[in-house]
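In the two complexes below, subunit A is the common chain; its partner is subunit B in one and subunit C in the other.
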Partner chain A sequence: MPRLLRALGGITVLAILGFVLLPAVVVTLAAFNSRAIISFPPEAWSWRWFAKAIAYEDFRTGFRNGLIVTAWASSIALVAGAAFALALERYEFRGKRVLEIVLLSPLVVPHFTVGLGFLILAAQLGVARGYAVIVACHVVLVLPFVLRSVYVSLRNLDPRLELAAASLGAPPERVLTTVTLPLLLPGLFSGWLFAAILSFNEFTASLFVTVQRTQTLPVALYNYVREFADPSMAAVSVLYIALTIIVLTFATVFLGLGKVLNVEPSR
Partner chain B sequence: MSPHAERSAPDVTVTLFEETAVALNGVSKRFGETVALDDVSLVVRRGELMTLLGPSGCGKTTLLNLVAGFLVPDHGEIAIDRERVTDLPAFRRQIGIMFQSYALFPHMSVAANVGYGLKMRRRPKAEIARRVDEALELVKLAGLADRRPRQLSGGQQQRVALARALVIRPKVLLLDEPFSALDRNLRGAMQVELKQIQKQLGVTTIFVTHDQSEALSLSDRIAVMTAGRIRQLGTPDEIYRQPSDRFVASFVGDVNVLRARLERINGTVAVVALGEARVDVPSQPLAGASAGSSIDLFLRPEQLSVVEHGPAAIHGVIAAQIYQGGHVDLYVDVAEAESGRVLLRVSGEQATAHWPAGTRIGIGLVAHSAIAFVPSGS
Partner chain C sequence: MNQRPFLRSLVSPAALCAVSFAAALAAVMQYSLRAYVPGSLEAGGFTLANFVALVKPLYAWVFLETVWICWLTAFFTLIVGYPLAYALVHVRHAALKAAILVITVTPLFLGEVVRTYSWIVVLGNNGFVNTMLLKAGLIDAPVQLMFTRLGVVIALVHVTLPIMVIMLAAALSHIDRDFERAAASLGAGPIRAFLTVTLPLSAPGIIAGVTTAFAWTFSAFATPQLIGGGRVNMIANLVYQLGFASFNFPFAASLSIAGLVLTFAILALMRVAARPLERLGPH
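And then the complex of A and B:
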């Protein structure tokens, strides 16, 4: 009986893992399918959809636009999020709780609401739907993630390290540059990385605030699938996954990302 | 100098002697509704090791933080080396501090940790290297300069923290419960070493602890604190033998409180009756008590002895023997004791051979420096 239970448990775990990975597996297999319609399982193997995806103009501009938006949005969110995290962790002030709720609210407000909001705002203010609007929209969406990440690192930072530095003659700005920032670096980096990945993948809100000229890659993919149904989209998806894995692996191996995510004490 | 000579009213300036290293004058600090320090005045002499001793929440750490410059007092003034520093930020004060957690910079090597203060002072590289080497030599860590703090043991980390604090030649060295994270054996060794280094360098040191035995063994003088005030200031011996009140007597060292009777007062000496025995105690803490009234006699374990033959002061039944290696703690149920029980210390062979639990024994007093207080609540 216990053996049976254990076997059932094992099967359940495998089933859950399979369920989690299945979409990615199906898409990956479809990407290498030589036939022109998305079908499963593939009958012949080919790289040609990758070649087509890379050559497709909308995907190329989408990728470039995505990088521009992501770079700006994640960097602005990093600075703003770090500043807010510092304020929330270190200081007591009126309305602190309200500020925290407002800053984290994009986690519960649907992305299309945020996108629609920015669309209406841009129209009201007569602002062209250029990069600035997309970047602003993405900053709002990724800010909570940067905030949490930096906040956690700050909680793990022993305030006595800063006191010790001050006692040794370091004025506040040098305490910041020689002790606080270097020790927050993993948290800042992981916050920035998550912001970048989220921004790069963001679709729902982007759909509202982009135009043909500024569309990001997910929006370009959506526009593509409305007209065509060949596996080049699956190929793009595989490239997406591969890129993310490479970035995350690099971050984990070389920059100690795991340390931040596991919330290890700083000492 | 009498224990209270250095306390003064808040509006009277503390006289700053040539030898004064740190002076606090009428310093108060509140945190919201809580009064952490209540009108405290204290003078630390140059080169001395002053311990702030008290239970947690007594204000000792607040006082340390005020001297360090991490906090600004609500009232009162602070001077270091006869210079007013009350609102001078920490980084301009030239103080060394060592925390319980050591607070070593985890992203820097040992050498960079120790050299941090000199780098902030923009000393030339060659000088930094030389002084870091000297400091590591002093704390016996030469050769570990390139390690990271996390590669070191707790004791080594503490030495790095000490070297880092000392290398800037601080006007005052502040130690915040530095030994409580170390295991017992290491703690003793580090205490001896710290005391040696402190005397060798002659650095004025303020040491915060809640551990009374640590305070007694390390300090030149002890300030016993509770509820934001200094209750007594004196040498370890004064604090131990002549506690100024019940709190100090009970907080520092083990003590037996016995109900006794005040027989008479002859000037500075009062005669107290405990059972058959008569004990001389200082009369000053008993001011106002009348002859025949009930008082509390405070006796250290070593002031009690087992009397096998001849007259004993009081009698009791042995409740438990706690073997301690070099000696045995003997707990004896005694009717006269406030807690119903007293603690005696006897040598090991004596106890197990003669007085198993349940034995009725006589207790004599070796009370040449006993002290008595009027009962609490009267």
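And then the complex of A and C:
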């Protein structure tokens, strides 16, 4: 009986994993199909859609814009989020709860509302829809993830190490830079990585705050899908999937993704 | 000596972010109360007309459709996600566990557009599913999956699954395994032990997962836009259409606010309804 259950459970889990992988597998098949129309199974194989996708001007600009926005947004979110996590864990101050709620609320406020908000705000302040607006919007959206990641690592930090440094005469700045920050490095890195991935992929809010000149890669991809049906988009998807799997495997092996996501068993 | 070194410099960058976010939301609220000036990005004087206009069958229908799709998605994500979370926590082989984890969270990092496009390739009339079914002789004509609610929900379940599994696994991993062992030693079979011990103890994870799935789906835009193709409309799609097709930003803003209020009301209701369930969970 337990063996039968085990087998049934195993099959169920395999089927679900198959469901998760299905689009990635199918899109990979489609990307290598030499015909211009999606069809199964592919009759002839080719790399030409990859060549076309990489040469496509909108994708190139989108990729470049995306990197600029991601670099700024994830770095700003890292500094602001890590600093606030430190204050949150160590100090009591006025407005602490309110600030925490406001900073975490982008998790439940729909991205189209956030995007619309920054669009209207920019219009009202008379700011042109340039990178600054997109970056501000992204910072707000990814900050909760940095905050959580750094906060969790702070909680796991042994406070005695800091006390030891202080009792040996290190001033607060020195304790922060030589003890606290180095110990927090894994948490800071995973928070930054999370923020960077989310910002690079952010679509709905970006659609509202970007214009043709500043559009990020997901927006460029969306515009392409609406107009063309050839497999170039499938080729881009494959590149995306490959990159994501590499980053995630790296994160699992070197950072312990399970710990970051808090799904490791307690014992 | 200052008892709270660097407090000001630690808090002020985050405070700046909070202020800009609050200002953006305030801008939406303000616009929702302004009159629409056709052909202009500027808004007119203050009015309640936008909210009055919301009470039309067309919009009521979109609200209902949105809530229904969110429910279906949250429900099916829970059904599909629970076995996966259970396996993730209980598999002992480290490499297998890592593989399950990576596969599960991959959709989370792919971005809405890539995921949605991949589903179009799977679900289209000449897509993978239909071709395979036709080749196998199971159907004579393609099954219409694109531009249907079913198609939208399938893709949305796929998108929401990682976050559901993460939340369920977090809850499951903190359940003391001794409880299950105790149930087994008292003679409960594996199914009974699961139904009477593990499942109730994971209730907080279920509630957190379903609520988050609901909120996330509410926010979905690319999936209903591309797979629904205008035939399955959610609030996000209507807001975008109003903003960028007719430049009626005041009305788009009031629709957003109504959506926000609706989400919070439903999430609050869910929390109240789940309170008896929560009591079953660990404290």
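To be clear about the criterion, the second predicted complex is superposed on the first by the 240 of 267 C-alpha atoms of A that agree within 3 Å, B and C clash if a C-alpha of one lies under 4 Å from a C-alpha of the other, contacts with A are read in each partner's own complex, and residues count from 1 in each chain.
The rule we apply is simple: a residue touches a chain if its C-beta (ideal position, glycine included) is under 8 Å from a C-beta of that chain, and two chains touch if they have at least 3 such contacts.
Since this is a predicted model, take the numbers as computed values, not measurements.
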- request: Please work out whether A:174 is in contact with subunit B alone, subunit C alone, both, or neither, and reply first, second, both or neither.
  value: first
- request: Using the touch definition from the top, say if A:182 reaches subunit B (first), subunit C (second), both or neither.
  value: first
Field: Contact breadth on subunit A, by residue count: subunit C or subunit B
entry: C
Query: In the superposed arrangement, which partner chain does A:211 touch: subunit B (first), subunit C (second), both, or neither?
result: neither
- prompt: Which of the two partners, first being subunit B and second being subunit C, lies in contact with A:30: first, second, both, or neither?
  reply: second
Message: Output check: A:163 vs subunit B and subunit C. Expected answer is one of first, second, both, neither. What do you get?
response: first
- line: subunit A residues where the subunit B and subunit C footprints coincide 172, 266
Residue ranges of subunit B in contact with subunit A within the complex: 68-70, 89-97, 99, 101, 103-107, 116-117, 120-121, 149-150, 164-165, 168, 174
Task: Can you check the complex and tell me which residues of subunit A touch subunit B?
output: 158, 160-161, 163-172, 174-175, 178-179, 182-183, 266-267
- line: In their shared complex, subunit A is touched by residues of subunit C numbered 4-7, 9-11, 13-18, 20-25, 27-28, 30-31, 41, 80, 83-89, 97-98, 100-107, 109-122, 124, 126-128, 131-132, 158, 161, 166, 169-170, 173-174, 176, 189-191, 215, 218-219, 221-222, 226, 235-236, 239-240, 243, 249, 252-253, 256, 259-260, 263-264, 267
Task: In the complex, go through subunit A and note every residue touching subunit C.
output: 1-2, 5, 9, 12-13, 16-17, 19-24, 26-27, 29-30, 37-41, 76-77, 79-81, 83-84, 86-87, 90-91, 93, 99, 102-103, 105-114, 116-121, 123-124, 136-137, 139-140, 143, 172-173, 176, 197, 200-201, 203-204, 207-208, 218, 221-222, 225-226, 233-234, 236-237, 240-241, 244-245, 247-249, 252-253, 257-258, 261-266
